[in-house]
Amino acid sequence: MGFSFFPKEFSFFKLFNEQVGYAVEAAGYFKELTKTGAFDEAALDKIHHLEQLSDNAAHEIIDQLNKSFITPFDREDIHALAIETDDIIDILNAIVNRLNVYKITKVDKGLIRFAEVIEESVKAVATAVKCLDHKKNSKLVNAACVEINRLENIGDDLRDKLIGELFENEKDPIEVIKWKDIYQDAETVLDICEDVSHIVDSILVKHS
Amino acid sequence: MGFSFFPKEFSFFKLFNEQVGYAVEAAGYFKELTKTGAFDEAALDKIHHLEQLSDNAAHEIIDQLNKSFITPFDREDIHALAIETDDIIDILNAIVNRLNVYKITKVDKGLIRFAEVIEESVKAVATAVKCLDHKKNSKLVNAACVEINRLENIGDDLRDKLIGELFENEKDPIEVIKWKDIYQDAETVLDICEDVSHIVDSILVKHS
Amino acid sequence: MGFSFFPKEFSFFKLFNEQVGYAVEAAGYFKELTKTGAFDEAALDKIHHLEQLSDNAAHEIIDQLNKSFITPFDREDIHALAIETDDIIDILNAIVNRLNVYKITKVDKGLIRFAEVIEESVKAVATAVKCLDHKKNSKLVNAACVEINRLENIGDDLRDKLIGELFENEKDPIEVIKWKDIYQDAETVLDICEDVSHIVDSILVKHS
(Lines give C-alpha, C1' and ligand atoms only; values in the text may rest on other atoms or scores of the structure.)
Protein backbone atom coordinates (compact mmCIF):
# COMPACT_ATOMS: atom_id res chain seq x y z
CA MET A 1 0.00 0.00 0.00
CA GLY A 2 1.50 3.25 -1.10
CA PHE A 3 1.52 6.69 0.39
CA SER A 4 -1.10 9.05 -0.97
CA PHE A 5 -0.77 12.78 -1.11
CA PHE A 6 -4.53 13.15 -1.28
CA PRO A 7 -5.99 11.03 1.49
CA LYS A 8 -8.46 13.72 2.43
CA GLU A 9 -9.90 14.36 -1.03
CA PHE A 10 -12.09 11.31 -1.01
CA SER A 11 -13.59 12.12 2.37
CA PHE A 12 -14.37 15.68 1.21
CA PHE A 13 -16.29 14.33 -1.77
CA LYS A 14 -18.00 11.73 0.42
CA LEU A 15 -19.07 14.40 2.91
CA PHE A 16 -20.29 16.76 0.19
CA ASN A 17 -22.37 13.95 -1.35
CA GLU A 18 -23.79 13.12 2.05
CA GLN A 19 -24.67 16.75 2.73
CA VAL A 20 -26.32 17.39 -0.63
CA GLY A 21 -28.20 14.10 -0.19
CA TYR A 22 -29.99 15.58 2.86
CA ALA A 23 -30.98 18.60 0.76
CA VAL A 24 -32.47 16.31 -1.91
CA GLU A 25 -34.36 14.40 0.79
CA ALA A 26 -35.68 17.65 2.29
CA ALA A 27 -36.80 18.97 -1.14
CA GLY A 28 -38.62 15.68 -1.85
CA TYR A 29 -40.29 15.76 1.55
CA PHE A 30 -41.30 19.40 1.03
CA LYS A 31 -42.94 18.44 -2.27
CA GLU A 32 -44.97 15.74 -0.49
CA LEU A 33 -46.03 18.22 2.21
CA THR A 34 -47.35 20.72 -0.33
CA LYS A 35 -49.68 17.99 -1.65
CA THR A 36 -51.21 17.25 1.75
CA GLY A 37 -51.00 20.68 3.41
CA ALA A 38 -49.96 18.94 6.63
CA PHE A 39 -47.45 21.54 7.84
CA ASP A 40 -47.71 20.20 11.39
CA GLU A 41 -45.36 19.44 14.28
CA ALA A 42 -44.37 16.08 12.74
CA ALA A 43 -43.38 17.83 9.51
CA LEU A 44 -41.37 20.43 11.47
CA ASP A 45 -39.58 17.67 13.37
CA LYS A 46 -38.68 15.73 10.22
CA ILE A 47 -37.32 18.69 8.28
CA HIS A 48 -35.51 20.01 11.35
CA HIS A 49 -33.86 16.61 11.76
CA LEU A 50 -32.60 16.71 8.14
CA GLU A 51 -31.35 20.24 8.75
CA GLN A 52 -29.31 19.05 11.72
CA LEU A 53 -27.79 16.19 9.72
CA SER A 54 -26.78 18.69 7.01
CA ASP A 55 -25.38 20.99 9.66
CA ASN A 56 -23.30 18.15 11.13
CA ALA A 57 -21.92 17.30 7.69
CA ALA A 58 -21.00 20.97 7.12
CA HIS A 59 -19.22 21.08 10.47
CA GLU A 60 -17.30 17.91 9.65
CA ILE A 61 -16.24 19.36 6.29
CA ILE A 62 -14.98 22.53 7.98
CA ASP A 63 -13.22 20.50 10.70
CA GLN A 64 -11.45 18.40 8.04
CA LEU A 65 -10.57 21.59 6.21
CA ASN A 66 -8.84 22.99 9.28
CA LYS A 67 -6.87 19.75 9.67
CA SER A 68 -5.90 19.22 6.02
CA PHE A 69 -2.73 20.48 4.38
CA ILE A 70 -3.82 19.45 0.92
CA THR A 71 -7.36 19.97 -0.31
CA PRO A 72 -8.94 19.02 -3.66
CA PHE A 73 -9.97 22.65 -4.35
CA ASP A 74 -9.26 26.04 -2.80
CA ARG A 75 -10.03 26.14 0.89
CA GLU A 76 -12.43 29.06 0.55
CA ASP A 77 -14.38 27.19 -2.14
CA ILE A 78 -14.76 24.13 0.08
CA HIS A 79 -15.90 26.33 2.94
CA ALA A 80 -18.35 28.26 0.73
CA LEU A 81 -19.76 25.05 -0.80
CA ALA A 82 -20.46 23.50 2.61
CA ILE A 83 -22.11 26.69 3.95
CA GLU A 84 -24.24 27.36 0.85
CA THR A 85 -25.39 23.75 0.52
CA ASP A 86 -26.47 23.98 4.16
CA ASP A 87 -28.42 27.16 3.31
CA ILE A 88 -30.67 25.17 0.93
CA ILE A 89 -32.00 23.03 3.74
CA ASP A 90 -32.09 25.97 6.17
CA ILE A 91 -34.48 27.89 3.93
CA LEU A 92 -36.64 24.78 3.33
CA ASN A 93 -36.82 24.41 7.11
CA ALA A 94 -37.75 28.10 7.44
CA ILE A 95 -40.55 27.77 4.86
CA VAL A 96 -42.14 24.77 6.57
CA ASN A 97 -41.87 26.66 9.86
CA ARG A 98 -43.55 29.70 8.30
CA LEU A 99 -46.37 27.58 6.84
CA ASN A 100 -46.91 26.16 10.34
CA VAL A 101 -46.83 29.58 12.09
CA TYR A 102 -49.19 31.07 9.46
CA LYS A 103 -51.51 28.09 10.05
CA ILE A 104 -51.63 27.26 6.34
CA THR A 105 -53.44 23.95 5.84
CA LYS A 106 -54.98 24.37 2.41
CA VAL A 107 -53.29 22.91 -0.65
CA ASP A 108 -52.20 25.64 -3.10
CA LYS A 109 -51.48 24.78 -6.74
CA GLY A 110 -48.87 27.54 -7.02
CA LEU A 111 -46.91 26.20 -4.06
CA ILE A 112 -47.10 22.62 -5.39
CA ARG A 113 -45.62 23.86 -8.68
CA PHE A 114 -42.90 25.71 -6.77
CA ALA A 115 -42.05 22.57 -4.80
CA GLU A 116 -41.64 20.62 -8.04
CA VAL A 117 -39.25 23.22 -9.49
CA ILE A 118 -37.35 23.29 -6.19
CA GLU A 119 -36.94 19.50 -6.17
CA GLU A 120 -35.65 19.55 -9.76
CA SER A 121 -33.16 22.27 -8.90
CA VAL A 122 -31.88 20.57 -5.74
CA LYS A 123 -31.43 17.34 -7.71
CA ALA A 124 -29.39 19.25 -10.31
CA VAL A 125 -27.29 20.69 -7.46
CA ALA A 126 -26.67 17.13 -6.25
CA THR A 127 -25.57 16.09 -9.75
CA ALA A 128 -23.22 19.06 -10.03
CA VAL A 129 -21.65 18.37 -6.63
CA LYS A 130 -21.36 14.62 -7.23
CA CYS A 131 -19.65 15.12 -10.60
CA LEU A 132 -17.02 17.45 -9.13
CA ASP A 133 -14.82 14.49 -8.22
CA HIS A 134 -13.50 13.90 -11.73
CA LYS A 135 -12.40 16.20 -14.54
CA LYS A 136 -13.96 13.89 -17.10
CA ASN A 137 -17.37 14.88 -15.63
CA SER A 138 -16.95 18.57 -16.36
CA LYS A 139 -19.60 18.51 -19.10
CA LEU A 140 -22.11 16.96 -16.70
CA VAL A 141 -21.30 19.62 -14.09
CA ASN A 142 -21.75 22.33 -16.70
CA ALA A 143 -25.07 20.92 -17.88
CA ALA A 144 -26.33 20.75 -14.27
CA CYS A 145 -25.33 24.40 -13.68
CA VAL A 146 -27.15 25.49 -16.84
CA GLU A 147 -30.23 23.57 -15.63
CA ILE A 148 -30.09 25.23 -12.17
CA ASN A 149 -29.93 28.64 -13.85
CA ARG A 150 -32.89 27.74 -16.09
CA LEU A 151 -34.94 26.66 -13.06
CA GLU A 152 -34.09 29.88 -11.22
CA ASN A 153 -35.53 31.88 -14.11
CA ILE A 154 -38.65 29.70 -14.05
CA GLY A 155 -38.89 30.39 -10.30
CA ASP A 156 -38.68 34.18 -10.87
CA ASP A 157 -41.50 34.04 -13.39
CA LEU A 158 -43.58 31.76 -11.18
CA ARG A 159 -43.20 34.06 -8.16
CA ASP A 160 -44.12 37.12 -10.26
CA LYS A 161 -47.15 35.34 -11.74
CA LEU A 162 -48.37 34.09 -8.34
CA ILE A 163 -47.85 37.42 -6.54
CA GLY A 164 -49.48 39.27 -9.46
CA GLU A 165 -52.53 36.98 -9.21
CA LEU A 166 -52.57 37.37 -5.42
CA PHE A 167 -52.86 41.16 -5.67
CA GLU A 168 -55.45 40.76 -8.43
CA ASN A 169 -57.73 38.16 -6.86
CA GLU A 170 -57.19 38.00 -3.10
CA LYS A 171 -59.28 40.59 -1.32
CA ASP A 172 -58.22 39.68 2.23
CA PRO A 173 -55.04 41.67 2.99
CA ILE A 174 -54.01 39.18 5.70
CA GLU A 175 -53.95 36.40 3.09
CA VAL A 176 -51.94 38.66 0.76
CA ILE A 177 -49.37 39.24 3.52
CA LYS A 178 -49.07 35.51 4.21
CA TRP A 179 -48.83 34.21 0.64
CA LYS A 180 -46.51 36.95 -0.58
CA ASP A 181 -44.05 35.83 2.12
CA ILE A 182 -44.47 32.17 1.17
CA TYR A 183 -43.96 32.66 -2.57
CA GLN A 184 -40.93 34.90 -1.96
CA ASP A 185 -39.40 32.29 0.35
CA ALA A 186 -40.01 29.56 -2.24
CA GLU A 187 -38.20 31.59 -4.91
CA THR A 188 -35.31 32.14 -2.49
CA VAL A 189 -34.61 28.38 -2.44
CA LEU A 190 -33.91 28.57 -6.18
CA ASP A 191 -31.66 31.61 -5.66
CA ILE A 192 -29.64 29.64 -3.13
CA CYS A 193 -29.37 26.67 -5.51
CA GLU A 194 -27.99 29.12 -8.07
CA ASP A 195 -25.48 30.43 -5.50
CA VAL A 196 -24.26 26.85 -5.05
CA SER A 197 -23.99 26.43 -8.83
CA HIS A 198 -21.87 29.61 -9.01
CA ILE A 199 -19.43 28.13 -6.51
CA VAL A 200 -19.33 24.85 -8.42
CA ASP A 201 -18.83 26.80 -11.64
CA SER A 202 -15.91 28.78 -10.26
CA ILE A 203 -14.27 25.56 -9.01
CA LEU A 204 -14.63 24.14 -12.52
CA VAL A 205 -13.07 27.23 -14.14
CA LYS A 206 -10.06 27.10 -11.82
CA HIS A 207 -9.46 23.42 -12.56
CA SER A 208 -10.08 23.42 -16.31
CA MET B 1 7.80 49.45 -28.05
CA GLY B 2 8.80 48.37 -24.57
CA PHE B 3 7.63 45.59 -22.30
CA SER B 4 5.04 46.58 -19.72
CA PHE B 5 4.59 44.91 -16.39
CA PHE B 6 1.01 46.20 -16.18
CA PRO B 7 -0.67 45.36 -19.46
CA LYS B 8 -3.82 44.24 -17.72
CA GLU B 9 -4.30 47.31 -15.53
CA PHE B 10 -5.67 49.42 -18.32
CA SER B 11 -8.21 46.83 -19.38
CA PHE B 12 -9.41 46.46 -15.79
CA PHE B 13 -10.09 50.20 -15.59
CA LYS B 14 -11.69 50.17 -19.02
CA LEU B 15 -14.00 47.30 -18.01
CA PHE B 16 -14.92 48.93 -14.70
CA ASN B 17 -15.79 52.17 -16.51
CA GLU B 18 -17.88 50.24 -18.99
CA GLN B 19 -19.71 48.38 -16.23
CA VAL B 20 -20.47 51.46 -14.12
CA GLY B 21 -21.60 53.20 -17.33
CA TYR B 22 -24.44 50.65 -17.65
CA ALA B 23 -25.47 51.40 -14.05
CA VAL B 24 -25.59 55.14 -14.84
CA GLU B 25 -27.68 54.43 -17.93
CA ALA B 26 -30.08 52.21 -15.94
CA ALA B 27 -30.47 54.85 -13.20
CA GLY B 28 -31.21 57.54 -15.80
CA TYR B 29 -33.73 55.28 -17.50
CA PHE B 30 -35.36 54.46 -14.16
CA LYS B 31 -35.77 58.21 -13.46
CA GLU B 32 -37.54 58.64 -16.81
CA LEU B 33 -39.82 55.68 -16.06
CA THR B 34 -40.93 57.14 -12.72
CA LYS B 35 -42.12 60.26 -14.57
CA THR B 36 -44.33 58.31 -17.00
CA GLY B 37 -45.37 55.36 -14.83
CA ALA B 38 -44.89 53.09 -17.86
CA PHE B 39 -43.48 50.06 -16.05
CA ASP B 40 -44.41 47.84 -18.96
CA GLU B 41 -42.83 44.96 -20.90
CA ALA B 42 -40.73 47.34 -23.00
CA ALA B 43 -39.32 48.89 -19.82
CA LEU B 44 -38.57 45.44 -18.41
CA ASP B 45 -36.78 44.44 -21.62
CA LYS B 46 -34.66 47.58 -21.69
CA ILE B 47 -33.50 47.41 -18.08
CA HIS B 48 -32.96 43.65 -18.33
CA HIS B 49 -30.76 44.24 -21.39
CA LEU B 50 -28.61 46.72 -19.43
CA GLU B 51 -28.41 44.23 -16.59
CA GLN B 52 -27.05 41.58 -18.96
CA LEU B 53 -24.42 43.96 -20.36
CA SER B 54 -23.30 44.74 -16.80
CA ASP B 55 -23.23 41.04 -16.01
CA ASN B 56 -21.07 40.34 -19.07
CA ALA B 57 -18.64 43.08 -18.02
CA ALA B 58 -18.46 41.60 -14.49
CA HIS B 59 -17.73 38.16 -15.93
CA GLU B 60 -15.00 39.55 -18.18
CA ILE B 61 -13.41 41.32 -15.18
CA ILE B 62 -13.42 38.09 -13.19
CA ASP B 63 -12.06 36.12 -16.17
CA GLN B 64 -9.22 38.60 -16.59
CA LEU B 65 -8.60 38.40 -12.87
CA ASN B 66 -8.15 34.64 -13.04
CA LYS B 67 -5.68 35.05 -15.93
CA SER B 68 -3.64 37.96 -14.54
CA PHE B 69 -0.50 37.65 -12.47
CA ILE B 70 -0.34 41.34 -11.72
CA THR B 71 -3.42 43.36 -10.86
CA PRO B 72 -3.75 47.10 -10.15
CA PHE B 73 -5.34 46.43 -6.71
CA ASP B 74 -5.87 43.42 -4.47
CA ARG B 75 -7.64 40.60 -6.27
CA GLU B 76 -10.46 40.41 -3.69
CA ASP B 77 -11.10 44.15 -4.11
CA ILE B 78 -11.38 43.81 -7.89
CA HIS B 79 -13.75 40.87 -7.46
CA ALA B 80 -15.86 42.71 -4.86
CA LEU B 81 -16.01 45.89 -6.96
CA ALA B 82 -17.27 44.00 -10.04
CA ILE B 83 -19.90 42.09 -8.04
CA GLU B 84 -21.18 45.08 -6.06
CA THR B 85 -21.36 47.36 -9.12
CA ASP B 86 -23.42 44.64 -10.77
CA ASP B 87 -25.71 44.62 -7.72
CA ILE B 88 -26.71 48.26 -8.43
CA ILE B 89 -28.25 47.36 -11.76
CA ASP B 90 -29.67 44.07 -10.39
CA ILE B 91 -31.72 45.92 -7.78
CA LEU B 92 -32.87 48.55 -10.32
CA ASN B 93 -34.01 45.64 -12.51
CA ALA B 94 -35.79 44.06 -9.53
CA ILE B 95 -37.61 47.33 -8.72
CA VAL B 96 -38.90 47.81 -12.28
CA ASN B 97 -40.01 44.17 -12.24
CA ARG B 98 -41.82 44.70 -8.93
CA LEU B 99 -43.56 47.84 -10.23
CA ASN B 100 -44.70 45.77 -13.22
CA VAL B 101 -45.90 42.79 -11.12
CA TYR B 102 -47.70 45.13 -8.67
CA LYS B 103 -49.37 46.77 -11.70
CA ILE B 104 -48.27 50.25 -10.60
CA THR B 105 -49.07 52.76 -13.35
CA LYS B 106 -49.64 55.96 -11.40
CA VAL B 107 -46.88 58.52 -11.05
CA ASP B 108 -45.80 58.96 -7.41
CA LYS B 109 -43.91 62.08 -6.31
CA GLY B 110 -42.04 60.17 -3.61
CA LEU B 111 -40.72 57.62 -6.10
CA ILE B 112 -39.72 60.38 -8.56
CA ARG B 113 -37.71 62.04 -5.78
CA PHE B 114 -36.12 58.68 -4.94
CA ALA B 115 -35.16 58.12 -8.58
CA GLU B 116 -33.44 61.52 -8.64
CA VAL B 117 -31.39 60.73 -5.52
CA ILE B 118 -30.55 57.30 -6.97
CA GLU B 119 -29.31 58.82 -10.23
CA GLU B 120 -27.13 61.31 -8.34
CA SER B 121 -25.66 58.51 -6.25
CA VAL B 122 -24.94 56.19 -9.20
CA LYS B 123 -23.26 59.11 -11.00
CA ALA B 124 -21.08 59.69 -7.93
CA VAL B 125 -20.22 55.95 -7.95
CA ALA B 126 -19.17 56.30 -11.61
CA THR B 127 -16.95 59.27 -10.72
CA ALA B 128 -15.34 57.37 -7.85
CA VAL B 129 -14.67 54.31 -10.02
CA LYS B 130 -13.37 56.36 -12.97
CA CYS B 131 -10.95 58.31 -10.77
CA LEU B 132 -9.44 55.16 -9.29
CA ASP B 133 -6.95 54.92 -12.16
CA HIS B 134 -4.62 57.62 -10.86
CA LYS B 135 -3.33 58.51 -7.41
CA LYS B 136 -3.55 62.19 -8.25
CA ASN B 137 -7.36 61.77 -8.34
CA SER B 138 -7.60 60.58 -4.74
CA LYS B 139 -9.29 63.81 -3.61
CA LEU B 140 -11.95 63.39 -6.31
CA VAL B 141 -12.54 59.79 -5.24
CA ASN B 142 -12.85 60.90 -1.63
CA ALA B 143 -15.30 63.66 -2.49
CA ALA B 144 -17.45 61.21 -4.48
CA CYS B 145 -17.50 58.75 -1.56
CA VAL B 146 -18.57 61.52 0.83
CA GLU B 147 -21.36 62.46 -1.62
CA ILE B 148 -22.55 58.82 -1.87
CA ASN B 149 -22.71 58.65 1.92
CA ARG B 150 -24.66 61.94 2.06
CA LEU B 151 -27.17 60.64 -0.51
CA GLU B 152 -27.60 57.39 1.42
CA ASN B 153 -28.59 59.40 4.50
CA ILE B 154 -31.04 61.42 2.38
CA GLY B 155 -32.46 58.11 1.12
CA ASP B 156 -32.96 56.81 4.70
CA ASP B 157 -34.86 59.97 5.65
CA LEU B 158 -36.90 59.87 2.44
CA ARG B 159 -37.90 56.23 2.98
CA ASP B 160 -38.86 56.94 6.60
CA LYS B 161 -40.89 60.01 5.60
CA LEU B 162 -42.68 58.19 2.77
CA ILE B 163 -43.45 55.05 4.79
CA GLY B 164 -44.58 57.19 7.73
CA GLU B 165 -46.98 59.09 5.43
CA LEU B 166 -48.16 55.81 3.90
CA PHE B 167 -49.22 54.44 7.30
CA GLU B 168 -50.77 57.81 8.16
CA ASN B 169 -52.76 58.47 4.97
CA GLU B 170 -53.27 55.25 3.02
CA LYS B 171 -56.30 53.37 4.26
CA ASP B 172 -56.09 50.46 1.79
CA PRO B 173 -53.77 47.83 3.35
CA ILE B 174 -53.00 46.33 -0.07
CA GLU B 175 -51.59 49.69 -1.21
CA VAL B 176 -49.58 49.91 2.03
CA ILE B 177 -48.06 46.48 1.34
CA LYS B 178 -47.14 47.45 -2.22
CA TRP B 179 -45.64 50.88 -1.60
CA LYS B 180 -43.75 49.88 1.54
CA ASP B 181 -41.94 47.26 -0.60
CA ILE B 182 -41.25 49.81 -3.34
CA TYR B 183 -39.84 52.51 -1.05
CA GLN B 184 -37.70 49.95 0.80
CA ASP B 185 -36.31 48.64 -2.51
CA ALA B 186 -35.55 52.20 -3.64
CA GLU B 187 -33.59 52.87 -0.46
CA THR B 188 -31.66 49.63 -0.97
CA VAL B 189 -30.18 51.00 -4.21
CA LEU B 190 -28.54 53.75 -2.16
CA ASP B 191 -27.27 51.19 0.37
CA ILE B 192 -25.63 49.26 -2.47
CA CYS B 193 -24.05 52.44 -3.86
CA GLU B 194 -22.62 52.98 -0.37
CA ASP B 195 -21.28 49.41 -0.34
CA VAL B 196 -19.44 50.18 -3.60
CA SER B 197 -18.05 53.38 -2.08
CA HIS B 198 -16.75 51.39 0.90
CA ILE B 199 -14.82 49.10 -1.45
CA VAL B 200 -13.45 52.10 -3.36
CA ASP B 201 -12.54 53.73 -0.07
CA SER B 202 -10.65 50.68 1.17
CA ILE B 203 -8.73 50.50 -2.14
CA LEU B 204 -7.77 54.14 -1.65
CA VAL B 205 -6.58 53.55 1.92
CA LYS B 206 -4.37 50.65 0.84
CA HIS B 207 -2.77 52.68 -1.95
CA SER B 208 -2.31 55.99 -0.15
CA MET C 1 12.12 48.30 28.45
CA GLY C 2 12.23 45.47 25.96
CA PHE C 3 10.95 45.07 22.46
CA SER C 4 7.62 43.34 22.13
CA PHE C 5 6.51 41.38 19.13
CA PHE C 6 2.87 41.88 20.10
CA PRO C 7 2.43 45.56 20.86
CA LYS C 8 -0.80 45.71 18.93
CA GLU C 9 -2.54 42.75 20.50
CA PHE C 10 -3.50 44.60 23.63
CA SER C 11 -5.00 47.49 21.74
CA PHE C 12 -7.06 45.10 19.59
CA PHE C 13 -8.57 43.54 22.71
CA LYS C 14 -9.11 46.97 24.26
CA LEU C 15 -10.88 48.19 21.12
CA PHE C 16 -13.05 45.06 20.86
CA ASN C 17 -14.09 45.45 24.51
CA GLU C 18 -14.90 49.09 23.93
CA GLN C 19 -16.96 48.27 20.83
CA VAL C 20 -18.95 45.45 22.43
CA GLY C 21 -19.51 47.72 25.44
CA TYR C 22 -21.50 50.10 23.21
CA ALA C 23 -23.63 47.18 22.02
CA VAL C 24 -24.38 46.22 25.65
CA GLU C 25 -25.30 49.82 26.42
CA ALA C 26 -27.58 49.99 23.37
CA ALA C 27 -29.31 46.70 24.28
CA GLY C 28 -29.88 47.94 27.87
CA TYR C 29 -31.26 51.23 26.58
CA PHE C 30 -33.52 49.40 24.12
CA LYS C 31 -34.93 47.34 27.00
CA GLU C 32 -35.75 50.54 28.90
CA LEU C 33 -37.43 52.02 25.82
CA THR C 34 -39.72 49.01 25.38
CA LYS C 35 -41.01 49.59 28.94
CA THR C 36 -41.97 53.22 28.30
CA GLY C 37 -42.87 53.09 24.60
CA ALA C 38 -41.09 56.42 24.15
CA PHE C 39 -39.58 55.75 20.72
CA ASP C 40 -39.13 59.48 20.15
CA GLU C 41 -36.47 61.78 18.70
CA ALA C 42 -34.47 61.72 21.94
CA ALA C 43 -34.38 57.91 21.80
CA LEU C 44 -33.29 58.01 18.16
CA ASP C 45 -30.51 60.47 18.99
CA LYS C 46 -29.21 58.40 21.87
CA ILE C 47 -29.09 55.09 20.03
CA HIS C 48 -27.68 56.76 16.93
CA HIS C 49 -24.91 58.24 19.08
CA LEU C 50 -24.00 54.78 20.41
CA GLU C 51 -24.04 53.45 16.85
CA GLN C 52 -21.53 56.10 15.80
CA LEU C 53 -19.24 55.29 18.72
CA SER C 54 -19.33 51.60 17.72
CA ASP C 55 -18.66 52.57 14.13
CA ASN C 56 -15.64 54.63 15.16
CA ALA C 57 -14.27 51.70 17.17
CA ALA C 58 -14.76 49.37 14.18
CA HIS C 59 -12.90 51.83 11.93
CA GLU C 60 -10.05 52.09 14.42
CA ILE C 61 -9.78 48.30 14.58
CA ILE C 62 -9.62 48.07 10.79
CA ASP C 63 -7.08 50.93 10.62
CA GLN C 64 -4.88 49.16 13.15
CA LEU C 65 -5.30 45.95 11.19
CA ASN C 66 -3.97 47.61 8.03
CA LYS C 67 -0.97 48.95 9.96
CA SER C 68 -0.10 45.79 11.93
CA PHE C 69 2.30 43.10 10.84
CA ILE C 70 1.44 40.79 13.68
CA THR C 71 -2.13 40.28 14.86
CA PRO C 72 -3.49 38.16 17.74
CA PHE C 73 -5.79 36.18 15.37
CA ASP C 74 -6.22 35.86 11.61
CA ARG C 75 -6.74 39.20 9.92
CA GLU C 76 -10.03 38.16 8.35
CA ASP C 77 -11.36 37.09 11.77
CA ILE C 78 -10.48 40.46 13.31
CA HIS C 79 -12.15 42.22 10.39
CA ALA C 80 -15.26 40.02 10.58
CA LEU C 81 -15.53 40.41 14.36
CA ALA C 82 -15.42 44.22 14.14
CA ILE C 83 -18.00 44.35 11.34
CA GLU C 84 -20.42 41.85 12.89
CA THR C 85 -20.25 43.43 16.36
CA ASP C 86 -21.10 46.73 14.67
CA ASP C 87 -24.08 45.03 13.01
CA ILE C 88 -25.63 44.35 16.45
CA ILE C 89 -25.95 48.05 17.21
CA ASP C 90 -26.91 48.87 13.60
CA ILE C 91 -29.96 46.62 13.79
CA LEU C 92 -30.93 47.96 17.25
CA ASN C 93 -30.72 51.46 15.74
CA ALA C 94 -32.85 50.32 12.77
CA ILE C 95 -35.52 48.85 15.11
CA VAL C 96 -35.84 52.03 17.19
CA ASN C 97 -36.06 53.99 13.94
CA ARG C 98 -38.80 51.67 12.67
CA LEU C 99 -40.77 51.96 15.92
CA ASN C 100 -40.55 55.76 15.51
CA VAL C 101 -41.56 55.77 11.82
CA TYR C 102 -44.45 53.35 12.54
CA LYS C 103 -45.54 55.70 15.34
CA ILE C 104 -45.60 52.89 17.89
CA THR C 105 -46.15 54.32 21.37
CA LYS C 106 -47.93 51.49 23.15
CA VAL C 107 -46.06 49.11 25.39
CA ASP C 108 -46.16 45.52 24.05
CA LYS C 109 -45.41 42.57 26.33
CA GLY C 110 -43.97 40.54 23.45
CA LEU C 111 -41.48 43.25 22.56
CA ILE C 112 -40.48 43.71 26.22
CA ARG C 113 -39.74 39.99 26.42
CA PHE C 114 -37.73 40.20 23.19
CA ALA C 115 -35.71 43.12 24.57
CA GLU C 116 -34.85 41.06 27.67
CA VAL C 117 -33.63 38.12 25.57
CA ILE C 118 -31.67 40.52 23.36
CA GLU C 119 -29.95 42.12 26.35
CA GLU C 120 -29.00 38.69 27.73
CA SER C 121 -27.58 37.66 24.37
CA VAL C 122 -25.58 40.87 23.86
CA LYS C 123 -24.16 40.49 27.39
CA ALA C 124 -23.09 36.93 26.51
CA VAL C 125 -21.45 38.27 23.33
CA ALA C 126 -19.54 40.77 25.50
CA THR C 127 -18.39 37.95 27.79
CA ALA C 128 -17.24 35.85 24.82
CA VAL C 129 -15.31 38.74 23.27
CA LYS C 130 -13.76 39.83 26.57
CA CYS C 131 -12.55 36.30 27.35
CA LEU C 132 -10.83 35.93 23.97
CA ASP C 133 -7.67 37.54 25.34
CA HIS C 134 -6.47 34.44 27.19
CA LYS C 135 -6.43 30.75 26.35
CA LYS C 136 -7.23 29.92 29.98
CA ASN C 137 -10.67 31.53 29.39
CA SER C 138 -11.63 29.16 26.59
CA LYS C 139 -14.25 27.41 28.75
CA LEU C 140 -15.89 30.75 29.52
CA VAL C 141 -15.91 31.65 25.83
CA ASN C 142 -17.45 28.29 25.00
CA ALA C 143 -20.13 28.63 27.67
CA ALA C 144 -21.02 32.12 26.38
CA CYS C 145 -21.33 30.80 22.80
CA VAL C 146 -23.63 28.00 23.97
CA GLU C 147 -25.75 30.58 25.80
CA ILE C 148 -25.97 32.83 22.69
CA ASN C 149 -27.13 29.82 20.67
CA ARG C 150 -29.74 28.95 23.34
CA LEU C 151 -31.07 32.51 23.30
CA GLU C 152 -31.26 32.51 19.51
CA ASN C 153 -33.51 29.43 19.67
CA ILE C 154 -35.66 31.16 22.31
CA GLY C 155 -35.88 34.16 19.95
CA ASP C 156 -37.05 31.96 17.06
CA ASP C 157 -39.80 30.45 19.20
CA LEU C 158 -40.79 33.86 20.57
CA ARG C 159 -41.06 35.37 17.08
CA ASP C 160 -43.12 32.40 15.84
CA LYS C 161 -45.43 32.59 18.89
CA LEU C 162 -45.91 36.37 18.57
CA ILE C 163 -46.47 36.36 14.81
CA GLY C 164 -48.84 33.37 15.14
CA GLU C 165 -50.86 35.30 17.78
CA LEU C 166 -50.79 38.41 15.60
CA PHE C 167 -52.41 36.60 12.68
CA GLU C 168 -54.87 34.95 15.09
CA ASN C 169 -55.97 37.98 17.07
CA GLU C 170 -55.18 41.19 15.24
CA LYS C 171 -57.93 42.06 12.79
CA ASP C 172 -56.39 45.32 11.51
CA PRO C 173 -54.06 44.37 8.61
CA ILE C 174 -52.05 47.59 9.03
CA GLU C 175 -51.19 46.53 12.59
CA VAL C 176 -50.26 43.06 11.32
CA ILE C 177 -47.89 44.62 8.77
CA LYS C 178 -46.25 46.81 11.42
CA TRP C 179 -45.80 44.24 14.18
CA LYS C 180 -44.68 41.44 11.89
CA ASP C 181 -41.81 43.71 10.79
CA ILE C 182 -40.98 44.60 14.39
CA TYR C 183 -40.91 41.02 15.70
CA GLN C 184 -38.84 39.87 12.70
CA ASP C 185 -36.34 42.69 13.29
CA ALA C 186 -36.11 41.78 16.98
CA GLU C 187 -35.31 38.18 16.12
CA THR C 188 -32.64 39.34 13.66
CA VAL C 189 -30.68 40.90 16.56
CA LEU C 190 -30.33 37.42 18.04
CA ASP C 191 -29.26 36.00 14.65
CA ILE C 192 -26.51 38.61 14.47
CA CYS C 193 -25.37 37.81 18.02
CA GLU C 194 -25.13 34.18 16.88
CA ASP C 195 -23.08 35.26 13.84
CA VAL C 196 -20.63 36.97 16.23
CA SER C 197 -20.48 33.82 18.36
CA HIS C 198 -19.65 31.75 15.25
CA ILE C 199 -16.67 34.03 14.53
CA VAL C 200 -15.55 33.81 18.16
CA ASP C 201 -15.97 30.04 18.01
CA SER C 202 -13.86 29.69 14.87
CA ILE C 203 -11.11 31.83 16.46
CA LEU C 204 -11.18 29.50 19.45
CA VAL C 205 -10.93 26.37 17.27
CA LYS C 206 -7.91 27.75 15.40
CA HIS C 207 -6.08 28.60 18.63
CA SER C 208 -6.91 25.49 20.66
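The first chain written gets the first letter, and so on, giving A, B and C; residue counts start at 1 in each chain.
The working rule: contacts are C-beta pairs under 8 Å (C-beta built on N, C-alpha and C of every residue); 3 or more make two chains touch, one makes a residue touch a chain.
All values reported here derive from a predicted model rather than from experimental measurement.
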{"item": "Fraction-based call for chain C against chain B, same above half, different below", "value": "different"}
{"item": "Angle of the C-alpha superposing rotation, chain A to chain B, to the nearest 5 degrees", "value": "120"}
{"item": "CA centroid of chain B to CA centroid of chain C, Å", "value": "29"}
{"item": "Where chain C touches two or more other chains, by residue", "value": "173, 177"}
{"item": "Parts of chain B lying in touch with chain C, wherever the complex brings them together", "value": "160, 163-164, 167-168, 173, 176-177, 180, 205-206"}
{"item": "Complex contacts: residues of chain C adjacent to chain B", "value": "66, 97, 100-103, 173-174, 177-178"}
